[in-house]
Amino acid sequence: MSEILLDVQELTHCFRLGRNTVIRAVDHVSFQLRRGEIFGLVGESGSGKSTVARCIMSLIRPAAGKIRYLGVNICDPGQFRAHRKLLQTSRQLIFQDSAASLNPRMKVADIITEPMAIHHIRPPRGSLRQEAAFQLKCVGMDPSSLDRRPGELSGGQRQRVAIARALSMGPELLVADEPIASLDVSIQAQIINLFQHLQREHGFTFLFIAHDLAVVRHLCDRTGVMFQGRLVEIAPSKELFDNPLHPYTRALLSAIPIPDPRLERARVPQRFDPAQFCREGLLREVSPGHMVLREEADR
Amino acid sequence: MDERFVLIGARTPVPPPLPAPKWYDGKPVCSMAVLAFIMLGCLCCEVFLPKDPAYMDLLHAAVPPGSEFWFGSDTMGRDIFSMIWYGGRASLLIGFLSAAISAVLAVLFGAVSGLAPKWLDGLVMRLTEIFLSIPSLLLIVFLQAILGRASVWSLSLVIGITGWTAIAKVVRSEVRQLRNSEYVLASRCMGGGFFHILRKHLAPNFFSSIMFMVVMNVRSAIAAESTLSFMGIGLPLEVISWGGMLSLSEKALLSGAWWIILIPGVFLVVTLLCVTNIGSWLRGEGEQRGNNL
Amino acid sequence: MRRKNPFIYYGGKLAGLAVSVFVLSLAVFYIARLAPGDPLVSYYGDRAEKMTAEERAQAEERLGLDEPVHIQYTRWLGRALQGDFGISYKYKTDVTQIIADRLPNTLLLGGTGFAVIFAGALAVGALCAWNEGNLLDRIICKVGTVVSCIPEFWLSLVLILVFAVQLRWLPSSGAYTLGGGGGADRAVHLILPLTVTAAGHLWYYAYMIRNRLLEELRSDYVLLAKSKGLRRRDVLLRHCLRSILPGYLSLMAISVPHILGGTYIVETVFSYPGIGTLSYESARYQDYNLLMLLCILSGSVVILSNMLAQIISERIDPRMRGEMPAEVTEHG
Amino acid sequence: MFELLEVKNLSVSFHTPQGEVEAVRDLSLSLHPGEVLAIVGESGCGKSVLCKSVMKLLPRNARIKAGTILADGTDVTRCSQRDMERLRGRLFSMVLQDPMTALHPAMTIGAQIAEAVRAHQPRMTKMAVRRRVLELMELVGIDMAEERYGHCPFEFSGGMRQRTVMAIALASSPKILLADEPTTALDVTIQAQILDLLRDIQARLGTSAILVTHDLGVVARAADRAAVMYAGKIVEIGTVEDIFYDPRHPYTWGLLRALPAWAEEGQPLYTIPGMPPSLLHPPKGDAFACRNEYALAIDYQEAPPMFQLSDTHFAATWLLDERAPQITPPWRGASYE
């Protein structure tokens, strides 16, 4: 088994809504990412999966818990500062909405080479422009787009540019926060294939956050399911889809419509009542690599 | 077999050439041309002025427009045609100068307020509010009194100082919005420092969005100068400006000398209208650029 | 969701108002004294210039101008809190009395002006939105832009020239005819100043209403409202207007000083005896006591209307009450 | 057979500063009473525009260029604004995509439903309206209706809001329900509930529905018939069985093959190459030709007509012409292990 790249331990973060209401967006979440794997994090809106991503990228300082990346505790400001350059170059983030995450006034070439410009890295392929052209080719785009602005590109092309920007630094860890949610079906497939291809080529560790389970099943090696800020189940993808154990996972799986009318109509989706959800409890390993949230009483 | 029914598969289409947009498309050409004409005329008025604008020909006071005085003469016998071009210099200069001053102040305050922590932001905004609550006319009178005798420079400073609050508010909200935008977040994530973000992301996006406010401020500054000079608290009588020319209108009203009131006023209003049109075009432009994503 | 205690809520607002007014009065007091100029001139007229040094000192002592500014201020504040704002140097009577004489005129002009602008902007804006892109809308937009570009004083001059000098239909100045002064007379005197006040501001607000309404008309809930069979008029008036009204109300509340400033200029051109002319004079001639009270009056009106605007937008719109921005701690 | 809704040769264009965008191009379609017809396609293919033109709720810069829309015997394209106001809500009504923006933010749920009830029964008493509103709320599965009557939309979750939107749509018992991506903005578990509710209500009230979606899973779950749209045209239409088990158009093949649910382990997904064409200047001939690996020479010259395959199944591709070469379809129907 390969080494652990990212170790998230008991990560907790709260958002304050008004004076008295506090929402636990992320509640004692623990998981590990091994080097070179694709880990899927699934959950519905408001389950806290984006907050996890932002904590990992140090955009939010978590209220409690530890995140160790390559042995560095990134929640500690001192350690963060000491390893700033490493952390900022080897972790990259891809946002859901490429329209918002690319500066509308910058040219594609400048967008792709922005991280290099920030860290004053000598581009390995001569000039910054050549570097941008190379990266653009890597994500399947024509270098003729180098001088265009994000507004002149289609959604799929913009997401490709965002990917090129993230990969230009040769990251160890790539975090993608719902990168395909705002794309069309036929474009989604193209981007997923691109991810798969790039991951094989570069070997980066990939944290893929999504709500579309079919995509996660196809793309990810292991999958974690989140509900109301808690991680309820982690398992290798195949195992999770074939043998879901937590009632919420089951409900979630049964809710995905199967694109086959006869099969689909014969199914009865399982309901999961959020009122029954017990937040307390621990992740327990039931079979190798398969962990489920169980109440304390079960022990 | 029919040749048309041969399997040939997908072929990349040749995109039809889009008709190149004309350079003047959507631009307020007319306003730009008129404004350029007026500005040019004011700048090089020495070349074509028929008379000395400051010379008081008391024998020919309040002469209606005619061959000698094209636009008539005022109650002190000065040639209105010459005064308009000459006086436009002061008015336009004050307009641009004070807009620049207030823009600098606004960007300073707005950016501080937008980037600062909450308490400082609240304090700055509260101070702005108090500042706003002193009627601007009074403020101008005070400031004029402190600065001493009015000149083009002091008046620009005064109008500039009183006109920055509105832009500052826009700057503040713009900075806040930009600061939380995803591309700034992305840049921070990649390790972009404060100055990098300021230079690459904040400044370019934000200048286009306040540009139209600045242009609109040129307009209100020109209007303010004319109002002040008209009321006698702006430029002294010897300094010719559009507002100053109109301050003689009280006598003109009594004698029914319409040209003294109407002709400089029309110039003033046309200039203001052109600036307004250009301003609203800039605003539309900014919005469109924001939307075409 | 927790309801705030209304006493604490309004008490806090009032305390904020008091502090703001205090800071304002302090600022005006110091600025006024910083400004060069001789207040004695406004009290003694030309006589002040011929005074000997001794006489000057005596006069300054009498008016309390010899002491350091901060002592002057505390003395002024102490009296002001008891309702004594001192006498005007120029008119030599109680400041409150002078203002009380003039205030109704300004209130009449400003109040009706405000009402006309408020209602007119709503009507014109809604009319334009209803006829979006039509000839009527385009004409109103063009005319509005042109009118809003005309400085108030020049519009006044032109109107006087046309209606008072050439046509002789309307009086050119004053608030009422000397000696007379019935309601009709006042109304006739009000027409021109009111037209100018309204014309200067109306389009700005009407245009804003138009654009906001159009924005609303493109939103999803309008689509749903139409699809349930509501008539277009009902959609516009009941749904769209309703959602822009809080914003409009608070904007109007904030705009009080602008409209007030506009009436000052109009008052001067039309020689309309109101607060505007008074404050202009008092600032020019260092009539300290008068100036202080005027500044505090207009300042409190402005601050009060700002608070009103805030309260309105917090009260009317349920979203404002319910959702509060999430606080995010950041680093990096 | 009596058709509840019949769209014939409809063309809708948008006038933009860049030129004319042909959003719907010469489209024909019919809806039988009591069925659910799904319209599938990618964003920008004109499926939403089709919905809005049926209700004549198009934005100002859009124009119905040609064609007729017969709804229950009335030609909608010729109706005046007033006539449409009378028809909307009673003959057809709409469920929008995003329930977060579809409800007026500052009005109570009850008032918004009541407005819909009163729109066609202005004389109804207050009590009767209230009773009807509560009845509707129960119908769409909002429990504690009495209590929630006075709530504002921001106090509701996404699913609850979409239920409210459905209650509004059903207020005047319309014959046709147009659902424009009703579940796209919702979570998967809520999506399943809303789809089942839609089917349930539709069966109970005998309403016909048009379900616009981009998700073939939704089609499989909730539709009787399906129409596949591409670049402003219907390329294939038939019963759900026809579309899923015997698709004939290359675009339908591509859509089905690209689904991650059918992907083989470790293999890349099948993708349709390229991007949908811009409708600003739609290409000559078949718009799909440039992405179609089975494109014939004629596809680049002439748009294919609709070929009839059975009573219910139609497809617009030259592959069905007798002169075309025989192709083994790469997709032999859905099969989930």
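Chains: A, B, C and D, in written order; residue numbering restarts at 1 for each.
Just so we're on the same page, a contact is a pair of C-beta atoms (placed from the backbone, for glycine too) under 8 Å apart; a residue touches a chain by one contact, two chains touch by 3 or more.
A quick note: this is a predicted structure, and the numbers were derived from the prediction, not measured.
Chain nearest the geometric middle of the protein is B, using mean C-alpha positions.
Chain pair with the larger contact count among A-D and A-B is A-D, by C-beta pairs in contact. Subunit A and subunit D have Cα centroids separated by 32 Å. Averaged C-alpha coordinates put the centre of subunit B at 50 Å from the centre of subunit D.
Centroids of subunit C and subunit D (each the mean of its C-alpha atoms) stand 53 Å apart. Shown for subunit B are the residues that touch two or more other chains, namely 188-189. Residues of subunit A in contact with at least two other chains: 58-59. With touch defined as above, residues shared between interfaces to two or more other chains in subunit C number as follows: 323, 332. Chain contact summary for the complex, subunit C toward subunit B: residues 20, 23-24, 27-28, 31-32, 34-37, 145-146, 148-154, 157-158, 160-161, 165-166, 172, 257, 260-261, 264-265, 268, 279-280, 283-284, 291, 294-295, 298-299, 302-303, 306, 332. Interface residues of subunit C, counted against subunit D in their complex, comprise 132-133, 218-221, 223-232, 238-239, 242-243, 316-319, 322-323. Residues of subunit D that touch subunit B in their complex: 17-18, 273-274, 277, 281, 283, 289-298, 300-301, 318, 321, 323-325, 327.
Within the complex formed with subunit A, the residues of subunit D that make contact are 42-43, 158, 187-192, 195-196, 214-221, 240-241, 244, 254-256, 258-263, 268-272, 275-276, 334-336. Partner subunit D is touched in their complex by these residues of subunit A: 44-45, 154, 156, 184-187, 189-190, 192-193, 196-197, 211-215, 217-219, 251-252, 254-265, 269, 272.
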